[in-house]
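Report on one structure; see the data block that follows.
Each chain carries a letter (A, B, C and D) given by its place in the written order, and its residues are counted from 1.
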Amino acid sequence: MNKITILIHCKDQPNIIASVTNFIAEKGGNIVYIDQHVDREQNIFFMRLESEFFSEAFSTEAFKITFKDSLAEKFGMKWRIYSSEVKPKMALFISKYDHCLYDLLGRYNSGELNLEIPFIVSNHNDLKFIADNFKIPFYHIPVTKDTKTEAEEKQLELLEKYDINFIVLARYMQIVSGKLINKYPNKIINIHHSFLPAFVGAKPYHSAYKRGVKIIGATSHYVTEELDAGPIIEQDVAHVSHTHSINDLIAKGRDLEKIVLANAVKLHSNRKVMVYNNKTVIFS
Amino acid sequence: MNKITILIHCKDQPNIIASVTNFIAEKGGNIVYIDQHVDREQNIFFMRLESEFFSEAFSTEAFKITFKDSLAEKFGMKWRIYSSEVKPKMALFISKYDHCLYDLLGRYNSGELNLEIPFIVSNHNDLKFIADNFKIPFYHIPVTKDTKTEAEEKQLELLEKYDINFIVLARYMQIVSGKLINKYPNKIINIHHSFLPAFVGAKPYHSAYKRGVKIIGATSHYVTEELDAGPIIEQDVAHVSHTHSINDLIAKGRDLEKIVLANAVKLHSNRKVMVYNNKTVIFS
Amino acid sequence: MNKITILIHCKDQPNIIASVTNFIAEKGGNIVYIDQHVDREQNIFFMRLESEFFSEAFSTEAFKITFKDSLAEKFGMKWRIYSSEVKPKMALFISKYDHCLYDLLGRYNSGELNLEIPFIVSNHNDLKFIADNFKIPFYHIPVTKDTKTEAEEKQLELLEKYDINFIVLARYMQIVSGKLINKYPNKIINIHHSFLPAFVGAKPYHSAYKRGVKIIGATSHYVTEELDAGPIIEQDVAHVSHTHSINDLIAKGRDLEKIVLANAVKLHSNRKVMVYNNKTVIFS
Amino acid sequence: MNKITILIHCKDQPNIIASVTNFIAEKGGNIVYIDQHVDREQNIFFMRLESEFFSEAFSTEAFKITFKDSLAEKFGMKWRIYSSEVKPKMALFISKYDHCLYDLLGRYNSGELNLEIPFIVSNHNDLKFIADNFKIPFYHIPVTKDTKTEAEEKQLELLEKYDINFIVLARYMQIVSGKLINKYPNKIINIHHSFLPAFVGAKPYHSAYKRGVKIIGATSHYVTEELDAGPIIEQDVAHVSHTHSINDLIAKGRDLEKIVLANAVKLHSNRKVMVYNNKTVIFS
């Protein structure tokens, strides 16, 4: 049995759903999941389908070609088709904070994540022992003002060598360059430790403390060239009070960061996120 | 333009989605919403569609007949089809508590609810003035142990006279009989002031206080003959602490009850709820 | 029996708690509530006490004088002492939105609020009928660019005539002037329909929609001269998704606004809020 | 500088607060935290204080004796006094689930927890490698129906040998005996994977799925002889829907269990929990 996931978006127009579902039925597929969304302001149609094919002759690549030639061109679709057999490959970028790293690796180990982690890269050597414990290759690529470009070249080599599909910045404390972003558009996931758009930039817990907010948050988003302004994938918050010091906010925030980043990673690796107009459509 | 909503459930089997979407396309309809769910344990398929028909010749009644004869019989579907033009009619049953009543009528007045409220009935006369303020007919039908059957007859008369589609018990402090429940299966919505299945029955806030829980809740569910055991539509909770007295729990709970009941009413009146096996499928 | 509430803040220094509790014991009072907070950054001590006095000779005014002369001067305290018998008087400022109004009046009617509402004032006449229903005096003071100063004079007259203690802007759609703010410092409560500091200013739901946030919020704060930048009293949030239109955000937001404002009103009227450095200390 | 924490409960009566704060002032202490609670139903007074003593001559043991002889006897207090220098010692009981273990050890490592973990004990050997990674002694004590008593003897030996103050059952899949419970009353913390009192006993996620709840939860409580009925320390919940399978509930639940258990451990180890009448008073 072959199972594929189809993501489509195009200008909204009549009969898209019937045409796609009919096409799949003709090819011998059974639809096991369908969801769609129409952005009424932009007049854009989004759809996500999962379909099973029981014929031994089925080939995902052949299906893609026919899909492109018949449907996609007719409706002017942007589309992606994934075989469920192929798990996406995720590179982990870290610095010195270990909470998101432990959290993601714990989930990875327990089989909760539908992905592979070919390697971990860090600008520091401090957390190498955790990568070792979980038996994941670890690369130490230091980054200084002078070596930034060179370091990024090394990162890019690794990303290509391991055929990486998406990158997760698990509290990686460096700003990634436009070159990397353009090479992985909407494929670099960051965790920012505030409920964006509040407290963009550095030290958001300090800003939250100063402003006296009663709620702190964390936001996972795709990285774009404008700092902390990319499409938001997931957000969550926690209540705080005047009794919490900055350190308390940081500690409470760690729990938010872990869960928000893990959820964003799950959504992305399960191909449930579509991006349009700097916003996300998140399928269930 | 005619817009209809279709709700379907049947044994899961191949090609349901393609057949239904194709059928609608053939009849000249454009699907503007589709969502489905498969209960893998019970092997049951659920689907909700919204479709627009632009032909002046379109008739919902004629569509229903063709749908029944062709699709519904072939797949063994249970189905309901609603015209968006017809708002469901809701009867409000109340006693002496006014918070859910004010909340629902405030939303009704502001146009937030897709329904009509032909009348309010109560076993007490205390809140008649609120019905009057909102200009909704009010019936006072007292209920005592001896007059229970007779009172229910009067209620049934009103329900039929006004052609009521569903009933909301907005903190109505009487147990409704099996006769009424069977006449309105999965059409009587109750609000219970606990996170069911905890604290079934009377005085749940007192039980919550005694048990020392750190969270209280409210649950909106369809009424079945077993007390507080019907299919759950919506639940929400609030954090509490040792500093809260029973009266504090009751006050905090009122806010939960209002919002949980209002959400359940919206889901039901927008035809987003399907019931199977004493559980609900809630479409988005 | 007389019951008083004491709020104190001063530079942190040894023996404040023992001195105050001792002082109350000497005057024959029994402390039934005590809570304190120290802002370690600013080195400021905050305390809230409730104390009962059973002697018939007790006078709150006499207590205040002794307290001031002995304790307050010694420790350099800023302090307020309230008799529990005196409910604070709240003026309601509204425009055309009715949801916060209905919510507050419903709570007021049910005895949930420890305050009096001597009057409601609005720059429109639309909601007069609600004030009438609840039998609360209603004043229509239109505000135009030209009549703004004059209108505010009329408002000030009313506030003085009714001896108002604090003002609630229940979605009042006018910016209040510095004159009013300075007359009622930390005594004007506003409800802003975003999780501040995100989306300051007009149309926050539109901005939230545009930014594609996954969480919306509401914030109740004291009004200061800088727009939406005053001390935050209470915040809450709700999860949203790409399926929500701007109107859906507005509707969901109404529920947040009601509850957040009501909670802020309760905290203020129960004398549980202290303000320092543009932040609030909220006692439980 | 010496810092102590004092926990008191006794029959409510006048002048407790003034007497205690005065006593501390006389002994040269400065109170840096005070909170109290009165259970009006049971007429019980609870208080928690933190106090700093700057005299070099101060001795916690001597203070305890004077406190007992003067204050405690006079007011009939039950009391505990802890020196902040002494971290409580916590034994971790585990089986095969690793999520709470990883979570607690990650926090322990990062310095978030005010406690020591002298050893981990398990009825299985599967997770020994994690204990090894974190360099914590690990004891494998298998438990079968026949060896239950004997196994518990070994556990008790370890608990005494390491001078353990409290026990955390981090998804330990054995029921502990009355003997152990009586030896560590209100000192054994369990994490139950439902919002108690709903779904007591085994397989709560299966029961939650069957009942069709829209919210799942986790509860941390002290272990008493009645199963899942001990005093609740902390609870939290997450929203779920019909789309979640039992496995989804289990995965979502893991995140709840981790955070709820970690919070309960922090509250207990910071001496912020008092138990009375099978309920907890949780100080902030």
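Just so it is clear, a contact is a pair of C-beta atoms (placed from the backbone, for glycine too) under 8 Å apart; a residue touches a chain by one contact, two chains touch by 3 or more.
All values derive from a computational prediction rather than experimental measurement.
**Q** Starting at chain B, find the fewest moves between touching chains needed to arrive at chain D.
**A** The fewest steps needed to get from chain B to chain D is 1.
**Q** Keeping to the contact definition above, tell me which chains border both chain A and chain C.
**A** B, D
**Q** Could you compare the number of C-beta pairs in contact for C-D with that for A-D and name the larger?
**A** Per the contact counts, C-D leads.
**Q** So how far apart, in whole Å, are chain A and chain D when each is placed at the average of its C-alpha atoms?
**A** One centre to the other, that is 37 Å.
**Q** Check each residue of chain B and list the ones that touch at least two other chains.
**A** Chain B, residues with two or more chain partners: 241, 243, 284.
**Q** Spell out the part of chain B that touches chain D in their complex, as residue ranges.
**A** 37, 39-40, 195-199, 211-215, 217, 231-237, 241-243, 245, 278-282
**Q** Where on chain A does chain B make contact in their complex?
**A** It comes out as residues 14-15, 17-19, 21-22, 24-25, 30-36, 38, 284.
**Q** For the complex, which residues does chain A have touching chain D?
**A** Contact set of chain A toward chain D: 98-99, 102-103, 106, 109-110, 112, 133, 241, 243, 251, 255, 259, 284.
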